[in-house]
Structure formats: C-alpha cells, structure tokens
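In structure tokens below, several structures.
Next come two complexes, and both contain chain A; in the first it sits with chain B, in the second with chain C.
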Partner chain A sequence: MSYRKLFYVANVLLLAVFVWALVEDFRAEWRPYQAAYYRMAAEAQEKLAAAQTDPKKAAEHKAAARAMRRSPVEIKQIIVGDLGRFDRCVTCHVGMDEYTNPSLKNDFTENPYKAHPKIDESLVKAHPFTKFGCTSCHSGQGLATDKDAAHGWVKHWEKPMLKGVHIQGACVKCHGDFETLKGSEVAARGKRLFQEHGCQGCHAINGWGGAVSVDLGDVADKPFERIAGYNFKRVRIDGKELPNEHHNSHWNIQNWILGHLVNDPAYNTPNDPFAKLNAEPIPPSGMPDFSAEISRADSDAITAYLTGMTKEEVIPRRYYVFAPAAREPKFSQAKDHGRFVFQKYGCQGCHGLEAKEGRRRYNALGPGQKPFDETMTEEEIGRQMELGREPTLPDLMGTYTHEELVKKIASGVPAADAKKWNPKGPMPMIYMPGWKDKISPTELNDLATWLLSIAKEDDSGF
Partner chain B sequence: MNRKLTFLVAIALLSASGAPGVRAAELSEKDKALANPYSNDFGPEAVDEAVLKTYPANVQAGYKALIKGCAQCHSAARPLNSRFVEPLDDAALAKLKKDQPELFKDASVWQIETKLWNRYVKRMMNKPGCNIEKKDGKAIWEFLAHDSVARKTGPNAAKWAAHRKGLIEQLKAKDHKRYEELKEAKDL
Partner chain C sequence: MPTVDIEKIKKEIIDSQLWRSVFRGGVWKDTPRDRAAHIIGNVWLHLHPVKVRPRALEWLYTWGMGGISFALYLILTLSGVALMFYYRPTIGLAYRDIKDLEFAVTLGMFLRNSHRWAAQAMVVAVIAHMVRVFLTGAYKKPREFNWGVGVLLLTLTLFLSFTGYLLPWDQLAIWAVTVGTNMAGATPILGNEGPLGSLAGMRINNDVRFTLLGGTMVGENTLLRFYVMHCVAVPLVVGILLILHFWRIRKDSFSAAPYQANEEKVDVWPHLVKREYVAAAATVLVIMVWSILQNAPLEAIANPNVTTNPSKAPWYFVGLQELLVYFDPWIAGVVMPGLIIVGLIAIPYIDTNPKGIGYYAWKERPFANTMFMLGVVLWFALIYIGYACRGPNYAWYWPWESWYGLKAAPPATWSVFGPKGDGAYSMLIGVPLLAGVSAAWMLLPKMIQRDLDGRKTMGAFLGLLAVLAAAGMAMGKMDVLQGAFLLFFLGSSFYFGFMLPQRHIRTLDWPRYLVTMVLVVSTMSVLLKMCARLAFNIKYVLTIPSISMNI
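Up next is the complex of A and B:
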C-alpha cells in the first residue's frame, strides 16, 4: 500500500473513532437522567405557574421552567481541592446541585431526582457540598459517571457508597466526639454496644483493648481481596445468601462486619479443623456466636461504628475533631466498680454478659462434652469440639482467694496451656491475656472483689 | 563429598523437625505441662508404698483417686511434690506456727494455709472437661491434706525441705527462664 493510501485509511479510521466517541458520549447513562430532571423540574414550575394567581409570580415560575428546559445537558462536578474530591454525583443527582437547584429542595421522591434529605438540619448545613463534596461522607467513586461505577459497585473500587445507617460511620472517621453529635446516634449506640458485649476484650481499637484478635482500628480499610471469596459466600444477611457477584453492592466491608454479628462467625469461616487441606488443623473463626445476643438493628449500629474505623485520610488531619477523655463513673462500693471494670475491659466477650456463661472456645474442654473417642464420626467430633467453652466464672470464683484471683488476671493463661478435647484437633484459639499492663492495681482489686461476690454456692459437699 | 553429606544431614534434620511427633500441637497433656514446668514436676510421680501404708484407709483411697483423676491434665508429680500444706484447722495451724516457726519462713518450700488443698481440688474439679466426681474430689482432698502434713512437717520437715530445694535446683538448671519467671511471680 502506498503512503498516500495509508494516509487516507488512517484518516477514515480516525474519523470513525471520533464518531464512535461522540456516539458513546451521546449514549452515556447520565444524559437521560439529567434531561429527565430538567424536564420534570420544568413541568413542576409550569404547574406552579398555572396554579398561581399573581401574574408576577406566575411569570417567575414560567421563566424558571424555560431556564430548566434550556439547561445544557453536561457533566457537573464539585471540585474540593484540599480534600482531593472531584465528585460528579450531581451530574445525575441534579436536585443536589446547588447551581441548578439553589434551594436544594424539590418534591421528587425517587433517586436520582430527589433532593438531599434533611437539608435544613445542622448536620448537612455544617458540611456544605461545595466544601466537602459527596464522597467525603458517602464514599463511592466521585469521578465515575455511570451508576455502578459511581456507587463503587465495580471491581477494584474498595469504598462503595455507604447505605442506610452505615453512613454514620462517616461521622466516626473524623469526629472523635461523634457520641455527642446529633445525627450520629446510631454509630454512638454501636460503640456502646461494642463495649457492652465485650468486643474490646479481644479486639483493640487503635491499641486500646485486648490483643487476642486483630486490632479493628482500620477494619474499614480491609481490602476486598481479603474478604471476597469462599468465606463471603457463606455470609447470610437476614437469613439470605448475598448475590453471588464479586465487588457488587453487597460484597463490601459493611456486610462482612454485619455477617460476623448476625451469623455464627465459625460458619462464615469454618477453616480446616480436620487438616484436610493443610498440614496442621486450623480452627474455625474464634469469634463467639453473638447472633442470638445482638439484634439485627444493634448489629447494624455496631457496623456503622466500625465503618468509621479507617486509617485512610479521606479528610486531612487538620479537620479532625478530637474528643476530650470520657470521665469514668464513680462508685462507692468496690464491688460495683469491679463490675464496671469487668465490662470496661470486655471480659464479657469471653466470659459472657455479667460473667454468667463462658462462650465458645473451639476444641477446648467444655461442659456436656462426651469423652473423646477416635471411633466417633467426623460430624460428631466436630459437634463436640464446638462445645468447648471459656470458663464460666461463678463456678470457679469460690476456689480462689482475692490475692490468687488478682494474680491470675494479672498474669493471664497462656494459649499453650489449653487442653484440647480432640488431641488431633486444632489448638483452641482464644486465650486469656495477662492484664497487668492494662488494668490498674485498684481496678484489679475491685474486679476481684466483684468476681468473688458472684461465686456460686459451694455444693461439693466437702 | 562433604557437601553432599551436609546436604543429607540438613534434609534429615528438616524432616525430623517437621515430623508430627514433635509438633507442639500434638504434645500430650503431660508433655505440655512439662513444657511450662514447675519444680514439682521433676519429683516422683508416686508416694513411697511404705509411707502410704501408714495412712488411714480413706486417705489411701484418695491417693488412688488422685493418680487416676489428676493425670487427666498433668502428672501426679505436680500435686505430690507441691509446697502446699493444709493443716486440719486454725488450731492446728496455730500449733504448727508455735512448734515449727521455721516452716513459715520459706514459701517456696512450705506454703501453709487452712483450706488450701480444699480450694485447689475444687478449682481443678470445676475446670471444663474435668470428670472427677464429688466423692472422688473429697477423697483426693483428704489425701492431699493428710499427706501434706505427714510428709512435709513434723519430723519429716528437714527431709522435705531438702527434697523440695533439690527440685527447685533442678528447675533452675534445666529451665532457667521458667525458674526466673516463677521466681518473679513468687510461684516457685
């Protein structure tokens, strides 16, 4: 082919690319939404004009309707340079664009046309869209202009848009004082529940709490690649399996956290207790089953709280609001203070609410277990390993002196001391850490006083 | 040749270290107890027959229950060589304090308290999975309380002290780290 012919062909191809690009742009998903908004807004203004008896006001409505009909269909974006936000959400959600809809109010009830809810509330007023954009609070992919991508429901987008009450996690990530703020009540309740059920006994948050399991200070940053897959397929929300698609609107960190609260985590993460796939047996998730103890609404609240546990600096540190240290209640009785200490350090996470019943410790010894027998079926062995329990403290407390108890809590019980029910099964995962560096001597003394006060009556007969 | 030999030895050592028999996860309970030993664990796992014969029948029955029951989780050496002494009551404790005050000067050899074994036996019985029956628990306690006074105090005190100190020395020599740990915790 001569150079001249090659030149012609290349030009035709280039023209085809331009035409294809124009067609693609014309077919963009956002265009019909924006055009529909202008049409609906114009019709609403025309209706108002028709109903208006004052000719001057009717003229104003008609002018507004004309302006709507003449509005160019275009990409709209909020640029917030210091926060690194370039949010094009208002391209579809035109009712939330304060240039198109200065009042930020309308009567539309469906997305993407409706205005931002609670627009008159201080929480929204304190975060003007022009200064914070959309994704600073809502997450999602601000630059994207098609629905799935913009909401972050696509592969490799790690922060999909937050849904429902989980949005309150956005308050937690910047406001250290979120517990006192209006609008973050659910997240505040989540924090309270997290502590009431003793999660902090095993899971520290930014170093505060037990070191038995992972620190949850950055749990909201857990990469999808770590959670998506076999274990996620076992998660049930409201008793239903999540749609079997990776990186969609359901497979996200919020449902992963929620899945640990509304299901038995050992079901989500069964691992390999019979060493079928690994050289060593690996126990299921050590997290106890809280599904009967924590309601769905409370699980959502805890999820909202933990959604705020991120180390990614969406907002620069200079915007963060730190909370003053909370004042602890005062107690006149050592016993009452001891009960408070038990809850403060999350002892109930393993020993049960009010220390009434030890929680599951897989393949440890537990009440009601049959003696181990190698001829048992694998299913039966699995069931018996499930019956392993942490100590039920009232049963034991009467066998300690105050001094012995203080010493025991201070030094803990090493994981290696665990006695396995099934000698060939996995080592029980959960253990009692030494608390001497975390619980003050006064707290330890009062904790021992309370524990001794709940000892069950000695019925041994000697 | 030397290189080949070194390679083969290395392979053999690696294989041995990965062998199931030596994996920590598969140690027996007794071995596991010995992995974090007390000085008690280096002593004999039985009481001398001649001594045992001098004990009342119910106490001898308690000894049998101990050998069977306590071995579920640790060697019988642990309670038999313990520093714990349980006098019968406060009066017996006061008498011991008066007659043998030296027994109260070294808690690593004699830890003397009323109800001490009573408490410990009940604690062990309340551990999940412990299947010691109440009557056996009572018998074990009766044995331990009687035996502790018989073998560790009175005319046997000096012999016991030598035995107990010998065990502590063994721990010090065999597992110095553990010795220091227990010493710091005042739990030698």
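Up next is the complex of A and C:
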C-alpha cells in the first residue's frame, strides 16, 4: 500500500476508533435504566390522565408526563459532606431520587425502578436521603455507576452492599441504644446471643471483654488482605462452599463472620498442626465449634450485630446516639449472682453453657483421649488432638477451696503452662486469662460461690 | 453554465493576505525548493534536515522506535494535561478523583487508560529503540554524547512512569512506591540503611529516601512531591533533553548508515515525514484500541496499615525487586541500577571496534552484541520471574499455580564467609579469597596472551564442574537439580565472563579493559548469586555486619 493510501486509511481509522470510544462511553450501563424509568413514569402519568375526568387534573398529569419524557438522562448524586458520601445510586434507582420523584413513592415493583420500601415508616423518615445518602446504611460503592461496581460486587471493594438482616448492622454504627430501637431487633438479638454464648470471654469489643483473641470493635473493617484466600475458599454457608472467585458478593466480611459460626472455625483455618509448611507446628483456629449450639438464623443475627463494628467510617460525633448502660439485675443470693457473673464475662465461651462441658482446646488433655503414642497414624493423632478440652468445671471444683478458686480466676493460667497431649504438636491456643482487673472482688467472690455450688460430688461425698 | 475554476480559486486563497500572513511561501509547486522550504520554514519540522539518505528511512533499519517513543511522549503529554483538569494531589481527594474519572467523567476512563497504557508502551519503545541503536552500532563516534543523552532519557522515562504510579493513591500505588523508595534508603553513604550510611550521619529522617518521600513513609508530602515531579519537573527535563537529542541526531548527520557509491539523498518532505506520520498514527491507534478494550488497574484506596501480599514494584522495576531476593537492597536497588546506567553511558567510550557502524554486524562485533543482548535478556528474564513467578510472601509460584495454595516456608539460608559462616577464621579467609578470585577473574583474560582453544577449555571447565558435582552428589551434599544448576550457571558465567573477554577484548588498553571487565563481572555475579541462592540457599557469600556490608 502506498503511503498516500496509508495516510488516508490511518486518518479514517483514527476517527472511527475515536467514535468507537465515544460510543463505548455513551453506552454506560446506567443510561438505559434511567431512560426506562422516565418512560415508565411518563406512561404511568398518561394512564392517570386518561382515567382522570377532571380536565384540569388530567392536564396536570399530562404535563407531568411531558416533564418526565423531557428529563435529561444524566448522572445524579446525593452529596453528604458530613458523612463523606457521594452516592450516585439514584442515577439508576431514580424512584428514590427526591428531585425526580418528590413523593418517593411509585407503583413499580422491580429494581432499580421501584421506590424505597417503607418510606412512611419512622425509620426511613428519620434518615432523609439528602442527609444520609445511601451507602451510610446500605454500604456499597456510591461513586460507581455500573451495577457490579456500585453494589460492591467487584475485587478491591471490600464493603459491598449489605444483604438481608445484615443491614441492621448499620444501626449499630451510630445508635448506642440500638437494643431498644424499633427496626434493629435482629442486631439487638445478635448482641444478646453474642453475650449468651460467651463470645466476649475471648473477644473484647472496644476493650470490654477478654483479651484471648482479637478485639472485634473494628471487625467490619478487617482487610481481606489479612484473610488468606485459602481460608475464604473453605468457608461454607448452608453447607456450600463460597463461589470459587474473588468476588465480593460472596467474599465479604459478613460471610467471613458467619462462616465462623455455622462452620467449625478449625475447618476454616486449619493452619499447620503437623509443621508441614513451617518450622514450628501452628494449631488450627482456637475458636470452639459453635455450629451445633447457634442456629443459622442466630448466626445471621450475630453477624448483623458485628457488621456495625466499624472504626473506618468518619461519622461526626453529633450523629451518635448514646444510651445509658443497661442496669444489672439484682440478686438476693450470692450463688445466683455468681451464675450471672459467669455469663456476663463470657466464661461459657470456653467452659460451656452453664459450665456444663469444657469446649475444644486443640492438643490439650481431654476426656476420652488415648495416651499419646508415636506409632499412631497422623490422622489418629489429629483426632486425638481435637479431643483436647477446656476444663469441665463441675468435675474440677471439688478440689479447690473458695480462696484458691478466687485466686485462680484472678490470676489465670499462663498459656505457657499448658500441658500438651502430643509433645511434638502445637501449643494449645486458648488459655485462661487473669481476670483480676476485669471482675470486681464482690463479683469474683459470688462467682466462686456459684462454681463451688455446682461441683460434682465424688464417692467420698465431698 | 458558469464553470468553476478550482485552480484559480486555490490560487486566490493562497495569495490572499490572510493565507500568506499565516503560511510562508506561495502556491505549492512540489519543486525541490518547495520541499526544502517546507522543512526550513516550519517551526515543528525544522529539526529535520532537508535531505536524508534513503537507508535512514528503512523500517528494518530503524524499527521506527525513536519516532514512536516521541509519539507516545506526545500522547502522554496531551492525555496527562487533560487528566490534570480532574485530579487533585491530596490523599483525601486523589483516589476519589480517579473514581470520578472512571465512573462520571465523559471519556474519563478512556483518558486514564490511554495515559496508563501509553506510559507502559513508552517504556518498551524506548528500550527497543536503545536495543536497535546498539545493534546497529549507531552510538559510535561521533554519536557517543547523544547515546549518553539517550540513556538519561531512558532513565527519566522510567522515573516518570514510576512517579506516575503513585498518583491514583490505591494499594497498588503506595506499596509499589514503598518498595521502590525503600531501595533508596539502602544507598551507600546517603541512605540510612545503606553501607556506611550511619557513619555519614544518615538517619531515617534526613537521608535520600526522606528527601524523596518528604517524610519517613509514603504520605501526603510524597503524593505532592511525586505529582510535581511527574507533571512539571521531570517532563521539563525530558523536554530539554529531547530537543538536545533531536538536534544532535541532525548535527551528527542523521543516520549512521554507511555511505554507498552513487548514493543520492532524498527529500525529507515527503519521504521521512510521511513515514513519521504513519508510525505515529499507528501508535495512537494501538493505544486507543487498547484503552477501549482494557481498563487500567485500580485497587482499594491506599492504606498504610495493610500491606498487600505480595507487594510488587511497577513491572519495569520488578527485575530489580527480584534481585532483592539475591542481594541486599544497596546492591539490588542502587549499585546494580547505577552500574547499568553508568555502564550504558560508558559503552561508546570503551567500544573501540571500528567496524559495524550503521548496520547489523553480528559477526564483526561478537563480544559487544553478545554481552549487550545478554544484559537485555537477563533484565527481562528477571522481570518475568518477579512478575509472573512470585506469589504471596514472594514465594515461587508457577504462573499456572493458584496463589491460594499454601507453600512451605522457605528453607533456612546460610552465609559462606562472615561471623555466622563456617569456621572461626571465615572472615580472614573470606575477604582475601573473594578479592583474589575477583582480581584473578578480572586480570587473567588479558594476561593469557594467546588464543585458547574454546572447545577444549570450555570442555575442561565443564568437566571439572561435573566431577565436582558428581563428588558432591556422591557425598550426599548435593542433589541432581543442584548439580544441574551449578553446571548451567557456572558454565555460562565462565563462557560469557571469561572465554568471551579472553578471546575478544584482551587487546584493549588497560583502562578500557578494566572498565569492561567490571561491567562483565558484575553481570556474571547476578547469575552466580542466583545459582547460590536458588540451588544452595546461600544468603551471603561474605557478610560484615558492623558496616552493613553483605555480598
């Protein structure tokens, strides 16, 4: 081809590719949605006009329909400076845009056209969209204008839109009084369950609770970089593995929390108990298996509660609603108070509900274990290490005096003092922390009283 | 019916006062004088000569890479200026502005993609340009200086790309820049972690890394610094050097291609200009199509508390990052790149071979071409390993392996000579031994004044290695793979680092010979250290912790 021809071809191609780029840019996903909304809204108005007998009102509907048809297709956004929100959700969800749809109501049933549900309820009324935006409660990527990116179902957006009851975590972010609010009942139940099952015994929340494992005060901000992908892939919800992709519609913090409750966490995070990949053996997750004790719905409630545990979002002080600390019940008997103290500090997290049975403590000594034997198969050794247990208190209490028991709870048992079943296996993970700075002397006294009252009697009648 | 005389209208327009005031010269008659006037009378074209030798126009000779690099520089300038309208260099706004470009600005994504991909393409084009100029010997007298300017331009191209990497303020950006700037902290004397750095009074808050970052970690000041360097300071320097580069090309008679009998020069307008236009148009087309089809990466917003695993430098620096596996940062990040730049600039002054100017001459310049291409291949091989074969914890993952699979922790490493090495006197043995081997290696090729029989010497060396490897295997100190590594790496180091210099450059004068050997031996040291680390888990050959000197 001669250069003259090449010159013309190149120029035509340049123009064509530039037009192609423009077309691609114009074919944004949000345009058809917004255009369809205007069309549907105009048709609805025209229908009203046709049904209307009063010519004046019919003319009004017709004018509204015309205005709808004439609306420019454009990016719409709610800017909330206080909360750092730039939410373009209403670009597609036009029915929720106060400027296009002042009543915020319509008859459409499908997303993205339909209006915000429960618009008349006080919950929604108390959080006007212009003051809170969308993502303050729903999460997701407000700046984005295509479906997957906006809902946060993409790599590198770690706070996708909250689904189902998990949205109640949004209430927990600001409302200290969420336990008494209408609308956040599930999150409130989540908090109750969290404490009933003794999660706070190991996981403090903002400093309140035990220090055996991580503080969950910012668990909703946990970066995925700190969750090995390998472990995400092992999480099973409803018995199914999460889809095998790094797609945040499934790989999100809610499923990570949920996965710890509906699965055995030791399965999620098996680590390296036989030192196959590392110089030293690393025990699996120390968290006991709660899947038999906490139902799927209850797990969701706890997840909803923990979804509110965020420090990342900048919310001005005045947006918070504070609540006085709940009053503790009064007990006439030291024994009953002791039982309450046991629950309050989450002792059941390790020692079992009502202190009935100690939970798993990998590679510690436990009932039903065979003696360690080098010749056992690896599988058998693994099974035996799994049988390691925290002390079952009623079996043990008889050997303590009241003073000894108080001292023991106050000072705890250092992790290094643990007795391993398999001497070559990993150190048992969970341990008894010292409680003297957390449990007050009166509480401690009553706790010991209760514990001694439930001690099993042995043959000697002690 | 009145006839329309187009020629007459054309003439009237061209002769009008308005036309003549804008464009010099009258009606185009396509005479040689017109063609010359077109070049001389045009401010943009007059860096060209009026006539050029036809050999300088051949695509197979030039690859068009110099022109394409400049076309990419223009694309980058235009798209960069357009991007500056939307971008604010503060850590609160930068990432959001990129998101805006992606989701709200008309053609914003296209613009950002073009800038990103043109920058990557320019790095490749400039390197290809350098390879072409080297292979055709076009850096030789009288073009030594312009080659040096070109090397500086290559360095600045990489630096421009690197400074631009930070601006989106995402995880990819800050960790790549953290990796890059941490190497600066290992500069000898000037960096707080480099050899002799603490002796020179360097602390974390006054060394060269601090100057680069405007702080002790990547933050607000770094973003501003990189922004100003990326948008103003470096492009200014590049622009000045570009003008110098172009002007010297013209002054040094445009092309190094040798004169032929009866050679007749052709007019630059249109012969060169049309080629330049087509090459530039093709470049723009490729960048545009690429930008439509492929989006530039953008990860989560930068978070100094969450380190990505693995954190990788921009791909063109991943080769140096891969060197960090084998060497301490002051060697991998400072000495090696320094040697590359200085070595490249030195090439025209140490290469005294009068042959092979202006044409591909594999047979006439065996040493120069082999060593240079070895360097280029090694550079890209290291980039490939670092980019494609390194996963979490920078462990070795084959490209087809999933990063979700767990890998065993790397085996413990050991050092040969030094306080923790074998034997009580390892320092006393190690320093003289290493110095002795290096000196012998540097000097012997020139001292042996006769031609060695290549096959016999190579065979003897490989045979010796094979015996060593076999002995090692028999004693159980080595496995087959280690033996193969030893044979391959030591064998190739011996061939490229000893046999070739002995055969081809022993006649050079001492200063040139020594400079060349320093470059050759440093290149070989990379191969040898790779072998030592990959096959034998050797961390250091010699370590002197008291002055942070580890080799």
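Basically, the second predicted complex is superposed on the first by the 430 of 462 C-alpha atoms of A that agree within 3 Å, B and C clash if a C-alpha of one lies under 4 Å from a C-alpha of the other, contacts with A are read in each partner's own complex, and residues count from 1 in each chain.
Operating definition for what follows: contacts are C-beta pairs under 8 Å (C-beta built on N, C-alpha and C of every residue); 3 or more make two chains touch, one makes a residue touch a chain.
Note that the structure is predicted; figures quoted are calculated from it, not measured.
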State whether A:R226 touches chain B only (first), chain C only (second), both chains, or neither. second
Contacts of A:A59 with chain B and chain C, given as first, second, both or neither: neither
Is A:A364 in contact with chain B, with chain C, with both, or with neither (first, second, both, neither)? first
Taking the superposition on A as described, I'd like to know which of chain B and chain C A:I119 touches: first, second, both or neither. neither
Let me check the overlay on chain A: which residues of chain A are in contact with chain B and also with chain C? none
Which chain A residues qualify as touching chain C in the complex? 3-4, 6-7, 10-11, 13-14, 17-18, 20-22, 24-25, 75, 86, 88, 143-146, 149, 155-158, 223, 225-226, 228-230, 233, 272, 276-279
Chain C - residues contacting chain A, complex: 96, 99-100, 102-104, 106-107, 109-110, 170-171, 270, 274-275, 277-278, 281-282, 284-285, 288-289, 291-292, 298-300, 303, 306-309, 392, 403-409, 412
Of chain A, residues touching chain B in the complex: 280-281, 358, 364-367, 369, 371, 388-389, 391, 395-396, 398-401, 407, 411, 414, 416-417, 419, 421, 423-424, 426-427, 458, 460-462
Complex contacts: residues of chain B adjacent to chain A: 23-26, 28-29, 32, 35-36, 73, 118-120, 122-123, 125-131, 134, 137-138, 141-142, 185
